[in-house]
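The same subunit A turns up in both complexes below, where it pairs with subunit B and then with subunit C.
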Partner chain A sequence: MKLALQLAYKNLIGAGLRTWLNVAVLSFAFVIIIFFNGLMDGWNQQAKTDTIAWEIGFGHLRNDAYDPFDPFTLQDGHGKLPNTIENVSPVLIQQGTIYPEGRMVSVLLKGIETSQTVLEIPTDAFIKSTAKIPAIIGNRMAKSANLKVGDEVLLRWRDKNGTFDASNITIVSIFDTTVAGVDAGQIWLPLQTLWEITGLQNEATIAIANKNFVDASLDGWNFENRAVMLKNLDEIIEMKKISSSIMYLLLLAIALLAIFDTQVLSIFRRQKEIGTYIALGMTRAQVVKLFTIEGSLYSILAMIAGCIYGVPLFIYLGKTGIGMPQASQDMGISLADKIYPIVGVQLIVTTILLVTISATIVSFLPAKKISKMNPVLALKGKLQ
Partner chain B sequence: MKNLKYSIAILCIGFLNISMQSQELTADKIIQKVDKNMSADTQITVSEMIIYGKRKSRTITSKGYSEGKMKSFSEYLSPAREAGTKMLKLEDRLWIYSPSTDRTIQLSGHMLRQSVMGSDMSYEDMMEDRKLIEIYNATIIATEILNERKTWKLELIAKVDDATYFKRIIWIDTERFVPLKEELFAKSGQLLKKTVMSEITKINGRWYPKKMNYKDMLKTGKGTDFIVKEIQFNPKISEAIFNKSSLKKN
Partner chain C sequence: MKNTIINLKNITKRFKVGDGEFTALNNINLNFQKGEFAGFVGPSGSGKTTLLNIIGSLDSPSEGQALVMGKDVAKLSHRESADLRNYHIGFIFQVYNLLPVYTVYENVEFALLLQNHTKAERHKMVMEALDWVGLTDLADKKPDRISGGEGQRVAIARAMVKRPEILIADEPTANLDAENAHIILKMMKRLNDELNTTFLFSTHDEKVMQYMERIVHLRDGEVEKDSIIVAEKDK
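Take a look at the complex of A and B:
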């Protein structure tokens, strides 16, 4: 085995540029596979952490009549939370319209307790404010409506009977979050204020659970835990992983094709060498093994080459992150303006195995032909 | 001298008559008279709706049939993109038929709060079929001259909980019993919408505004014009018109 490795290494180095071209393409595929998977894992982890901190908490207790995917259920999808329920922060959701600069913008009004701590929404700004109707918005909402802290904007809403009401609200805080689900098209108000202006006293659409919440069957309410709520996010990222894998698998296929071609050419051009090996006492299987190891060595060299430029690259990206375009941040799923790739041991080992095994297979396929060669003819260098 | 006495007596009787008339006419009676003037048992109207946008305006022509306030049917005639779209309102239900999808959908709940074809009117504004005096307590708060016409300024405050607008102020022509302007207010007193009626024309013995401008006062823009091109009062309308099957008929 040691001899085979030494011979294979010398043969590869002896091949010069041909070897290094193969190694370059394969190392590129190697780095790209790790990069894409690291990017997806980084996004996944960041999105989950942010979604939990800003939107989900430890799960949502929802009114039965409310469907978060159907805005038409907002009108009737609320009710009084039972007094027995503890460790939740109620949120009432209603529809409204704001008129920034004379434009009509439909918004969701979300009433939240000023003392809540389960979500990162900076509700303490309500306590500090002296405005008649203080409001908190996210940076996406602030940008789309062109609002700043201290601005007043006219809000129109309907009370519980459907009668129009309107008043100015004051923006007291603008938060910066990656979670579009609590930001785009939404205005956060103190729950007490929303109760007063709509007449829906003590009503809630959802209640956000904290870590001490114990799920008990409640009539008219159903609980969705964190895992269920994050399922969509997992599915989106899984789908994205599959679609991006097409690109790097294509790249890997090109690299493997190059190795395959090189192997075919080697076996064709090195017939005399093969004959000599057999004449010197090597079995056909040993020669096949030698050529297969040669092919596999490409992947080892590619890994070394990949490490030379890949490791500094990943360290740099791990520190600076990868900027995401603004448009993709407004898609409705959590996406930060910068994603930090996560390159774990599992990812590296999986990629090494994928590249090495596939390189070994494509090296073995042409080398198989050696086992059928006539050693005398091979020694003479005749075509077979 | 005798003639002068007669003249003074006639003038006195005249003034007395006018003052008695204004004393007798309460706000409720004025609204009833306006209702009587403006509505008919049945109506067929060909109208244009001009929706003013920021860059350009759109004109939609439609033909409408109505029976009282509970039943109405309308069909859009132009532009080509909207032509064939039909709406049927039966009491508190509203259906819309779209020829492009060949589907009839019933609007309910929040959908009724959406704007009609991007105009300043909502479907809900069209759906209001209760009489004003059933929803509001009305009082005459002033008499004003508006567009060189003497008007009563009526303030209507909601007496029921589910009125869409808490307060309305309506200017009514004292001679023709036609509203000339209406303002709709939120509970907080914020002015929300304004309607201005103009081109008051006598049609079949009644005064009727041929042009109405609806304006959402919170939005910038010129609002939406509603122009009556043709109107027939009390024509005979087949009962089959106010049927869901008429939505799909060509």
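Take a look at the complex of A and C:
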């Protein structure tokens, strides 16, 4: 093996430009695969962290009548939380309409405890405010409704009896989050205020669990833990990974095709050399091994070349992040202004194995032809 | 005392040509002793190279038995025939067949790499072989940086470095000018005398024939004449 490696290395280096072209393409494939996977992993982790911090907490206790994917359930999907329940922060969700600059905008009104700390929603702004009905909104909402801190806007809602009522609310804080689920089309109010204006005293639609919450069977309420709630996010990321993998698999296929092509050409052009190896005492299996190792060495050289420019690139991107365009912020899942690629050991090892094994297979396929070669004809360089 | 190291009994070799067959060798019976300096002479298509390929275990006869170093080449496995070539047979080719990406030193060393010698042993043996052919100064040169004559001398060093019992040279001077051809042949004769290696040539070059101690004339795959030159000279 050592001998075959030495010879294969010499042959590759001796082949000059042809080798380096293959190595360049393959190393590019290496870096792109790692980059895209790292980007997805970085996005995944950022999305999860932000979603947990801003929306999920340690899970949601949901009223049985409420389905977050069905807005029609908002009307009746709430109830009184049992007195025995602890370590949760109740949230009441109702529908409403605001009239910024004469326009009519449907919103979700979310009442949250002013003292809660489980979510990043800056509810302390309620405490500091002296407004009659203070409200907090996110950047997306502020932008779409053209609202800023200090603005008053007319809010209309229905109380528990179905009667419409209206009042001005004051924007006391605008928060910046990557999580659209707590921002787009939503207005956060103090829970006490929402209870009062709707008449739904002590009622909640959901309750955000904190780390000390212990799930116990509660009649009329259903608990979804963090893992379950993140399942959708995981599936979306996984789907995006698969779609991006098509691109890097194409790139890898091009690189492997280049190796395959080089191997076929090499075996065709180097028949005399193959005959010489056999005449000098190598077995055909040894020559097949030599050519296969030559092919797989491309991946080793590509890995080294990829490290030379890939490692500094990944370190740089890991520190500075990759800026995401503003338009992409409104897509279905949490997307930060910047994503920091995560290049882990598992990703690197998996990519190395994928590329090395693929390169070895595409090198072996043409090389196995050598085992059927007639050494006499090979020495004459005759096409076989 | 000489002993038989190549024993060819009723060797016939046929090749498929289209739907028919071409008989390249027909019932060849020959013996070669250790240390012989012999050549197969004949026109193109007479079977010289085919016979050398069978002796070198690169090919096997269609009929008959070729015993080389006591081994029947037709019955050897790939590994056994590779071992036979690796340890007992050296090859010199018409176009030298040097490995282009290796230096002169590495080309010569290649034969030893397959024999598991230590690096120090290999160095000693390679430098000795290069000294035999007078090329120690060119050890670091690549084959494309040396002349044809030097290239063939490297090929001789590569073939001889492992001290084989048999050296097979297929038209070794065909690509050389007269001066280089004589240098090469004298060198091979000297090695034959010093190391007692059996040299077998195929040639139709008069210059080569001058050096032969035995000439086997082949025509249409058959032995036409088998002349022991030294014996005649001795008379």
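In the analysis below, the second predicted complex is superposed on the first by the 383 of 384 C-alpha atoms of A that agree within 3 Å, B and C clash if a C-alpha of one lies under 4 Å from a C-alpha of the other, contacts with A are read in each partner's own complex, and residues count from 1 in each chain.
Methods note: contacts are C-beta pairs under 8 Å (C-beta built on N, C-alpha and C of every residue); 3 or more make two chains touch, one makes a residue touch a chain.
Just so you know, these numbers come straight off a predicted model, no measurement behind them.
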Clash-or-fit label for the pair subunit B, subunit C on subunit A: fit
Which of subunit B and subunit C A:Gln95 touches, first, second, both or neither: first
Subunit A-centred angle between subunit C and subunit B, computed on Cα centres after superposition, in steps of 10 °: 150
Subunit B versus subunit C as contact partner of A:Asp165, first or second or both or neither: first
Touched partner set for A:Glu273, first subunit B, second subunit C, both or neither: second
Touched partner set for A:Phe260, first subunit B, second subunit C, both or neither: neither
First (subunit B), second (subunit C), both or neither touched by A:Ala285: second
Smallest separation in angstrom, by C-alpha atoms, between subunit B and subunit C in the superposition: 74
Subunit A - residues contacting subunit B, complex: 71-72, 74-76, 95, 97, 99, 101-104, 154, 156, 159, 161-167
Of all residues in subunit B, those that touch subunit A in their complex: 109-111, 158, 161-166, 184, 186-188, 190, 192, 216, 218-221
Footprint of subunit C on subunit A - complex, ascending: 3, 6-7, 10-11, 13-15, 272-273, 275-276, 278-286, 374-376, 379
Subunit A contact footprint on subunit C (complex, rising order): 53, 56, 58-59, 78-79, 82-83, 85-87, 91, 93, 95, 97, 99-102, 106, 110-111, 113-115, 158
